[in-house]
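Look at the two complexes coming up: chain A is in both, with chain B in one and chain C in the other.
Now for the complex of A and B:
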């Protein structure tokens, strides 16, 4: 197909079909669908429940859509908290996304998150800041958490690579194992870490009691005394680095190749087992990093007796990644969006007869639709063009037909040139006949044949 | 000993039925990661159904009937809920893992949202009601009391009706998938749908059938779980039981017998982790609480089931064989 003329300009349909834009449009359609379903649920409830006036439904959807803007508190305060709470979600979203790129479903983010939180808290609270500068403790705590998360994430990778055990199962098992280990460790260390001073015995001491805390650079005051600190910038930087690693480096290419076809990448000389383990370890490190950044804020209460529940931020990394089509930079936006909706949900609970569970409902519907995003993308592309979409992975008959037509056209052109050179009439017709195959009608002109080839495409 | 077997059965039954649910979906070619969500949805609707039924004095008097009806409601609602999964997987050709994940999020959201709107609580507790004879009729304890000796005691004293129903369902469905024409067709659709279609089997219909049976079983298992293990409380969670059942299904190599073994093993270990302080052996007429005396924290016993499953999986994975076509949307043109 090297003889094909270069495309002069992109049509609108191609613009829609071109990866990024199509994904964004499809995601937006999914979001709209989710909001619509949420709205319908509110209307139905308002219609059937006696104690909820009908107007509440409209107020409700506006409140959810308003996110931090619909709160009674200071908008900046809610905004700051929203951005801060989005940080662990961005990290778990990245964790799920990078595993997806390697064809693995990392449902183990909650466990990795818990292990990261445990490592971070132990280091941040046990090294006295009177001896070691607090910023060194901060870095050590972060690194410990990340390392522990990486090791924990590597377990499913190891089982997958060595024993070919489904990673989903190992992830589920390691989640509950992590939840029990974390509870066990904090139970056995007792008042060393548990917040007894404030009689909040269900929680670990805040790291700020040891003077360890992420720098805020005045952002907390800017955002009305919220929890805001610079962790959001760290998360964004990590997302961008991850984007570059996945899309611009050999390592990233190997990971993706592994995800597309494990056997093919092995055949091409890549160490697919190493890649699976590395990918899961990185995923674990990212989830743990989210937990570490959350804990190191200094003002957060970590519930230690967690053996019966797994952290929500771990599971919500899955929708964050799916909504962003596993694009690391997209995860930043999807995670902030998810938190935006859930802040709207809390405001809804505070102001109307509905409750905060409407936001996970909306998010779930969005994810449901996003499963069909490929279909939506195809429909979008089909609607705005007449040319049927290409058939991938199979013998492309259009292409073959075009190639044959082109070859014919070339032969015909050559024949025409030859014919012009030929002196006698007989030689000319013979050459044309030889070119056109089958020659029907026999007196066809070479020019017509070319056009025919063109339309066939 | 009898006490231990009874308790093991209680933990085993939901796992057995839900793992069987997973098997039916996956054998027809649909990955059902939404088992947990369907359990939650089924248990929630079943609990609401039982709650409403108990407003009628007749149903308060006939506890066993209410229990069976609630199980039926849970199964039907589970089947309906699973249609969301099969629709997205078959009609929309969506990624089945994503569809399942969405259902897993949707079910607790719906359950908690409605419980809070209508009951003004975070959980729906099925409180005991007073029957016409003035007796307290406990909701969750639908028990057959019988004073049979030894072996009979295991099954008929303090046993739940759901146990017998579940065992019957298990036997019937195990025979169904292996010994009937429809069962064979269903399995064919999970292995090579194009080949199945070439001999005139409607692949999509079979896949709808598999997923719907799966949904009904998961809903049943969900209500059996909250009525027995969770003491009759619906609060938008089944403590990850659905995921455990999924693990047991893989552990059991997508076969009924393996699933039963896995569910028994896991149910036993899970049961020990809950009741270990009460376990005793009688030596010289004295009760010895041997596990309690070890002074290990309960977290240790909680860990054992999960670690055991991991170790066993590592050793048995070599002969593990998933249905070949599971997770792949059926495409007629791929023949």
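Now for the complex of A and C:
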């Protein structure tokens, strides 16, 4: 009965020691630093622009901080959209995070995202839901996108494992190849996928036109007619599964070992090349899944002429992962936070005298600061080493060793006492034999014996 | 030079201090461990002062405090009787303290001269005046017998010359107090002798030297006095002239230490490892690193590959363990089964334990905890996982068991990050892991490198025990004493070939030395033996 609570307590103290708290504190410091600098930027802008009073700077930072809550009367609508928009960012954040765990820098999330979107859209729009039930099309579309993303992610993994080519170079290359392939595929298929019904150009048809749509369970209504659907729950579930895989399974143990020390992993008999490829494939699948969930919402316009720009959510996965110290569950919060700030940013443009160029600037500052979270965490860790440690239930191995030594000494002393007894008895018999000799030799002899024994031990 | 007379009389009444450096009551703590506990160290002018202690006794920490890399929680440092604070290595340098680190701090692609002047380049308005620097370096080199080629690139020169470069770096900066952190760890026996001469010469010229080591022979040979640390505590300082190796080891370990290995006659049984015509290409030069080596290791015997570092031992062991691919025609047979093309995992699970040469590169995942490292090859076994999920409680239990059995010391026990452990305890962790795994063959590459006498004694006992339990042991060692003490058979490797087989009972260290240096070889054509 006593064992269980003690155990959970122990693991909690381990959690404290594991640096998890340090990570959270470091991330919060980053965010605060970013906000502070953002505020300074607003003040400077107010100072230099004649038509903006200083009070606007204050109002501006409050608007940014307020996120969807500063959206006047449509708070729920903005909130719903924010949560929905966070889904692809969570997924790309997870993609970057898992690659980081294996020691790889996945800057190829934008390309994987695009390939995922392409695969999903083609399947979702080309299988008629009059023939196949729409939920089957939905699943098929998702799987196709994910698979295509996995393959796309595996390419840099393959080059890294086989030829030791830096994954960053191959990732950047595959990003632009993906961007061009997507444009080429959609352009060459012509009107099949491109939205021509509406006046907008360069967009793919919404998947809802084929009846393919992620279930909303009424969430869209609840959140003021926003895009909200159940994809956020899928993303959270994936993040939790990933957390478990990384921290609790042999597979995660291997991936991390390869990330920390490739040579030692090889020495230990792990297949480090396979792990590198797998890790990148999983990263690709995750980024593509983000794209698929976004597209399958049904009401989203996908811009197909991507050859000149890469999707922001792909790159923003990097700050999302960094801000969360590559913790999959942490990525959920960091991604939502980044979207929260960006909603605040768009409200800034709408509600204050600052123009729409200022809000991305503020967001950029915050993201920039998030890159420093590792630095701040290290600083915190460094500072804490100076303070004499107070670790609650640490086993003091020296003490244990001393106790063991003591036990041994006791045992030795006992054995000695026995030997002594034998000696005294022997001496006694000797004394008896020697009859009436005044100086008693046994008194001296055992004393010497113990002293000698003591120094030996 | 002689400012002893001019040294001011301090307020403490200790002026005209006989000590050039005095560290008083230094206490330095790290999470979970007190690295230095009230340690006092007094260095006299012109002496060679050895700092002796077991692995993790706090020697390096104390020196890092002196060199300004760590700030102590308590304690003071006095230079010539005056209190000083050393906040970083620049402060140390300004006080004339120089340090040769265990791992050299040289720029590989720079020349020796450039490395020496790095950071204190003589210049006129930003233009280098290398001529002056060269003159000074050459003078120093001549005066102290430090033979270097100033124009050679550091990556091309031997470890010994790199070390001389490091020493010249200190001399060039007019350092008076020279710290050597385990300077002989990477040297060949010849280079060690040379270094000892150099150190004696430096002391004769009035430099004060702190010599960190746990090698008693070296301390006995070179030092004037010796301070001993044990588990972070200061034990005492003795004059070398009036002490013995035994007394020093007793002070260091806290008990008497045996220097020879007690072992019974080997009872070799069936062949466990047979190697036929093993050839491995070199990554450095065009020749083969290992050429056509054939040998057998039987159950119940310790076969030692002796040789000077860089004669193909690394490549040989890499090929046998599977880290490197041997050339076609090579054969590695384990218990009658050809495992030449089998994976490392296969060998690991079929009776091969391997204590690697480089514990940081191969032996440990430094960012993992101690317990995670202890199951590095076993995490997938049913004992430690269920349906792919790691059984953390089993891992914890197992590692606590190993930690106790092998006396692996660390700040936080099983959850200590491996990176924060001392080198000796990292090595002990690896040895615990490898010896505890079921094995028919133990490959041990320098298993006692960088360990203190107490730990060496323990590891030697363990290796003999695994031999007596019926394992075959393939030992690679660069230490002559270890080779002579531990092995049942000696095979000498010279330039990638087995040049002789010797019996440790009948051969002498001198003869072994001749084989190792390539001056002598047997005609057997590669140690093929039955």
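Please note the rule applied: the second predicted complex is superposed on the first by the 335 of 457 C-alpha atoms of A that agree within 3 Å, B and C clash if a C-alpha of one lies under 4 Å from a C-alpha of the other, contacts with A are read in each partner's own complex, and residues count from 1 in each chain.
Heads up, the rule we're going with is that contacts are C-beta pairs under 8 Å (C-beta built on N, C-alpha and C of every residue); 3 or more make two chains touch, one makes a residue touch a chain.
Everything quoted here is computed from the prediction, not taken from an experiment.
In the superposition on chain A, contact of A:364 is made with chain B only, not with chain C.
Which of chain B and chain C touches more residues of chain A is settled by the count: it is B.
Of the two partner chains placed by superposition, only chain C is touched by A:260; chain B is not. By the touch criterion defined above, A:268 lies against chain C but remains apart from chain B after alignment on the C-alpha atoms of chain A.
Of the two partner chains, chain B is the only one touched by A:188; chain C is not. Legend: residue contacts after superposition of the two complexes on their common chain; A:54 is shown touching neither chain B nor chain C. Using the contact criterion defined above for the overlaid structures, shared-chain residue A:165 touches chain B, although it does not reach chain C.
When both complexes are overlaid on chain A, the residue A:251 reaches chain C alone and has no touch with chain B.
Chain A residues 394 lie at the interface with chain B in one structure and with chain C in the other.
Looking at the complex, you find that chain B touches chain A at residues 33, 84, 88, 92-99, 101-103, 105-106, 108-110, 112-113, 116-118, 239-240, 243-244, 246-247, 250-251, 297, 299-300, 302-303, 306-307, 309-310, 313-314, 317-318, 320, 322, 333.
Considering their complex, residues 29-32, 71, 73, 231, 321, 323, 343-349, 354, 356, 361-368, 372, 376-377, 379-380, 385, 388-390, 403-404, 407, 409-413, 415 of chain C touch chain A.
Against chain B, the residues of chain A that register as touching in their complex are 41, 45, 49, 52, 105, 159, 162-166, 168-170, 172-177, 180-181, 183-184, 187-188, 307-308, 310, 315, 318-319, 322, 353-355, 357-358, 360-361, 363-365, 367-368, 370-372, 374-375, 394. Across the interface of their complex, chain C is touched by residues 14, 17, 248-251, 253-254, 256-257, 260-261, 263-271, 384-386, 388-389, 391, 394-395, 397-398, 400-401 of chain A.
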